[in-house]
């Protein structure tokens, strides 16, 4: 190296610690690494952190000899450091405990996955809010299955596929979504954060995700959509009320909101499931000695919880024959049905196209009927027994999504988009709008990584050959189809469903 | 809002905390919410708890803006609160630990499921009583399977079914039961509570459940049925004694009790199983240094326990050919057989109709032979190999029931009713009659919720299409049928049972 | 009751606490229960424990009213107790912790199962002895499978079968065994207890069990068989030595011992498995700083352990063609082969009858090749692909036996007897001869209970219809049979083994 | 015994403690056991440890009476010990805790398996190094599966096979390897130990194993191969750079190294997987308050970690059509492809022979796409759907190898060699060159033991009949083959892959 032999003082080196001039001491030589910053494989930041200092210990074990010489002109070697000018070496604490300081809040950017976001939110939420979000029915079997069934599906990555470009956009009812993710109609977002459902909307706008507004939102639909972007897509969830007039009035109000593109009629919870964590939180926060009574003075056993309260007034008597025509009269917006859990109902829904334009496969986050199938089972059933459904209506799906790989698996099976409920609420709880954004960012990035590693450039390219569903397949229903009322028309379906 | 601008004093508000006059402070305004009490979605009680106080913090996150205005006349807004009259805010303990005070007994109404009832009873029972109830044979494999096999069966909820009305009544031997639940013949109820088997009878009366009285009850049958309701249904369990005269005398006594509608001949425990927890409890409560000896002075190894004692005198030599005709001579009451564990025996029993009118599929709560099949396996075997059994005799089933969903699954497979043994005893231990009532209430309500969420209005509507039994199906017996003595008559059965 | 009204003093009652005269205070009355002792369902002892005392608290909850009156003559009610003479009631410690005093040794009679015997032995054994017995190869997968595969097989109890008589005797090579249990050839019994292999022989004599003496026994065969009973059955295990003369001399010595009925040629461990617990125990008990060297001064890595030492000199080059004829020349005793793990080898062995008269299916207790199949797999393979083996040679089996139900399951599949290795050694460690007896007693009693509850009166009655092996069936080998050298003769077998 | 009756002094005995003269006291007699040293079954060392001392306590329980007399001339019994000369017996600490001193480093020779080597390395590595090696994608599902799938495959040991000789050598691309093990191209070895990749090379040389040098090695290829043995086999891994010239220059440099026998083009990680442990370690070792920015000042969320850094510049746009011809032009060395995860890609690769001469089935150690299949699944897929691949190209495999049995299972399925990645790095971390040697020694010895116990003398003898893969078989992909572009040519494959 052509550097002069003048010894350089460490104090002089220390001044060069910016992107304009960045020096570092390596193996006793001072190097000017400014030119190397933009092309450092690990990013500029990792270099800047060591700028102005002796970086040898950090640099040495991860770079083969010759790396400096290959990447920098010899003139960048400025000469030897004056060893006397270096500070006394401090014995580095080599093994910093990974769990070190658990009390200090972790920056959102450092939360790496949805479980960490849930953990961060759990620390911040009130017990009541946590219990309402976390709870599911009975023994949480369906909630648990929702997630584990995704883990049992294996991916099949292909090699030698150019995946420089990767486009994860999808469509739903003809609307383009930048990412195949939607926020499920989850109630009471302000229990998590004052930003509430409006906050979720802001995050969705920034990531091109769809949002379905809960009938039990803690903000008005007008508030929620007020800052909608030009292409932002909202749906509005309807629980039909026994007092039908209330629902009609509400629909009339929704009809005026252009940002709301469709009505999502919820069917998976005609009566509330038994969410014990939710009920238990009420038992605890309230006085447990005196029995809880209803308005008429009748003793209520069990806690009730928020979940029970919200169902007050919901009509449990909806039918294909009467409810759909009534709803059609109330709105011109497209109608989708939420909560289908059998291929038979998906089949019947498709028979009702175009009156019905889409369906959501959902077991209500495991919050309605425990041991109901995970929605991926329903998707597999449709794929197996009546795949023509996918060509007649748009199928989307929620329940148990924790990873981009989960999303991609559902898309491979024919879903147009995949919903998160608790994920968005815990994001909100962890950090308001930015927390929801972090949730969406994680899922979007994981989805992109998964598609690239599979070798799929676009959502339509995703298909059955990318997944191995054998473990799940052996558990899906294989009894006879049950199609009361339309038996004649669907002999094909009946025949295909093995007895 | 037309409220006057006079500031209202908090002391004045505090007086209005009843159903007659109920005020609350919300967003700095005092509202008269009396009219809203009967229609509050969460029930009146939740409002009354906040009556007379500032409810804003509780109210805000769960109600969208405008909720008050939509539900109450403007005149109900009485005016602004005088802020100076409000008490100093106390920093609310936001996160009350859900596990907080574990020592204080939980009110029965707050016990949410059968596991919590068992836990409550376990705290109250003597070790000996607990050990007798809890114990099962050997390694508790069958006891464990009894419950987990239900979890492996998935439900198939249907949408758009009017489930406003839901009737869970069933029949057994022609008798109507309000709920498809019966209490299995479990011995020694007074180990749990002085109310004993009579107490169980009172609870069954209130819930329209059936009760089968144990041959080893800790009260006389006369005591147990003495307060029976007019339509209450009892059965009486018979263990045939080697000294046949004792059984004949007992049957003569039972024949006089009208409330007892049938005789339940128990066959699943001709000799006692090895219940180690039960035996162990005896080892501990007794002196362990000197060996236990029998009456003849012979050393007895192992503990013995209550279970062993109760079998003394039971006849292990019963046969189809001799026992049934003998029993038929002793009583005019219908006879059912308890403890069938193979489809072959169910088939043979059905061949004996009308001498035999019903069967109980049971592995004796896992207390007889360990690794015997869970009774749901036997039900699946019958369904698969000889479903004609269901049309000839009434089939009921017990073992492992913890949830209403378990009950509904057994009904879907053809059972007429479903039994609980430990469930009733632990209920009794947790709170006497009221404890058993709470047990029945939980199961009844869970059963109703399950039927509604499935979309089934009555028990007869329940059928195979509501359940996915694939995981269980792959484990049931598929070897040849073994029908010694009646081979000629059942070629069909033999052929259907795949080799 | 006609008892006189004189008050009886508690001191007087206290004297009557023997089988000759046994009084008890019940509900304030003194009863003479001497006559009741022999027929008390719970045994006399339970009554004697309360003799001379107030037994009301113990008696009441487990007896229905009227029990005394039904079972005893009125004259046995001697009159009321003098309440003043009773001692002050001591508040009974109701809930004695079941785990109370863990340090005091538990009497053998109170050890209820083989796990408890192992636990008791583990406390008494030296680390070295424990490690040698407990250890198995690599990750203990086969050892674990050995046991769990039995749990996965379900039993099918039949009802209405007279099981008053139950005979569990079996035969092996024409010799009668009172119980279908044998002790496998396990080495080094004196590591467990000074009684050693001779002690095992004494226990086997008392229970009519068979014993196969290890080639590596810690006592001479002459010592072991010296007190043999007239019908006692021994086998002797042969590991053929490279130095063939040593084996020939040993066989000549064995030929002279009449109690030894057969030679058991061991084939499942031509080289030792890697038993890490065993090796580790050596690492610890010895100096770990200096490397272990062999006789030639060569460094030995790994611990070695007892297991490795014992294999020194064993010949790893045995073959069907050369070894069997050689062995036949050395002895007139019948020959059996130990360690077969495939149906192919069982098939070939049966082709060698009568030169070979029996086989032991064994994976050497999981101590040879890890992830080798549990022997029950091999039994299922034979049953499926070449059941004719059972008619040509006697098949016995060991590995993983913990319960009588395990034994019965193997018998149902065609085994003539079932072996325990560690079970006997841990019995020996827990209490010498009496410990082995307790082990055999537990298994014998559990076997009888299982047969009775199944409805099988004799071993030959046991068959496939008593077990449901579906879970195990789906894991057994279904590839092509591999029969080098005798391909032509066994087309049937090859065809049956599905590709 | 002919020994004189003169009492021998313990001090005299103590002098004879060498291989030249070795005395021991047994049962009160002094024996000269020098002649016995070379033939002691447990090795000479175990005797020498007791030389010069009273060995009775150690000797007695593991030797039957008569052992001394059978093995030594009577003249070797030198006479009785003088009991007064013996030291006071010290009460031996019988039960030395196996876990005793956990802080002292365990000698390499005492590490018995790869888990223990990983544990030893984990203690020595920096957190950063550990996190980089240990980490895998997302939830570590594929990493976990990689190992557990091997456990689910059972071995089928055959008896009566002469396994005195056992040759585990194999070939790859025509080169002979003494052991069927290779070191996968794992990056950054100097994070573990200064010996780095050169150290791995030294260990491989000593064991005849193959090494594939990582494109991201922390030493230059010239350094790594500089001490290569004459028959040592290296491959060099290529990640094609977007800046293609860089790759071309690097290849030109590799072409000059004769020790490198082939180029391994890596395809399983066109973009980096999400290795959270790795990213997390960066979050912790760096300042977490200020957001990490890239060179352009753009905020980077998530940690990044070493794994992310290394991918900088990697080209994600490789294709069959363009990349292979380009690479062929750069080198005359044979080309193999790494990271195939479907039978379709293996099939296509075989169609490209001889341009492609081998493939590595790999999911990148679970570090690329989580829930990608374990490579053994891919091997099973090829075996099932297109076994002709094995005759056209050499197939090797890595991922999850922990035991010799794992290696043998992969060989039985058709792999030519089996790779370890983390295993070698953790060996390096545990003890530099000697640590890697210990890793290879363990696997080589376990492989030999497994082959011997199976009854296989050479690698080519290994085949499907030695393994039972049923549990794994039921989980492998059974959907249609996806072969874009070459559909016409492979109807056979498509037909065989069941729909």
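Chains: A, B, C and D, in written order; residue numbering restarts at 1 for each.
Note that in this section a contact is a pair of C-beta atoms (placed from the backbone, for glycine too) under 8 Å apart; a residue touches a chain by one contact, two chains touch by 3 or more.
A quick note: this is a predicted structure, and the numbers were derived from the prediction, not measured.
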{"item": "Chain labels contacting chain A and also chain B", "value": "none"}
{"item": "Interface sides of chain C and chain D: same vs different residues, half threshold", "value": "different"}
{"item": "For chain B paired with chain D, centre-to-centre distance based on mean C-alpha positions, whole Å", "value": "55"}
{"item": "Whole-Å separation of chain centres (CA-atom averages), chain A against chain D", "value": "39"}
{"item": "Overlap residues in chain D, where contacts from two or more other chains coincide", "value": "474"}
{"item": "All pairs of touching chains, each written as two labels joined by a dash", "value": "A-B, A-D, B-C, C-D"}
{"item": "Touching residues (chain side chain D, partner chain A) in the complex", "value": "126-127, 129, 131, 138-139, 141, 188, 190-191, 217-220, 223, 267-274, 276, 279-281, 283-286, 288-289, 291-296, 299-304, 306, 308-313, 316-320, 323, 337, 339-342, 344-345, 363, 368-373, 377, 474-482"}
{"item": "Of all residues in chain A, those that touch chain D in their complex", "value": "19, 37-38, 40-46, 49, 60-66, 94-96, 98, 100, 106-110, 112-113, 151, 153-164, 403, 405, 438, 441, 445-446, 449-450, 452-454, 464-465, 468, 470-471, 474"}
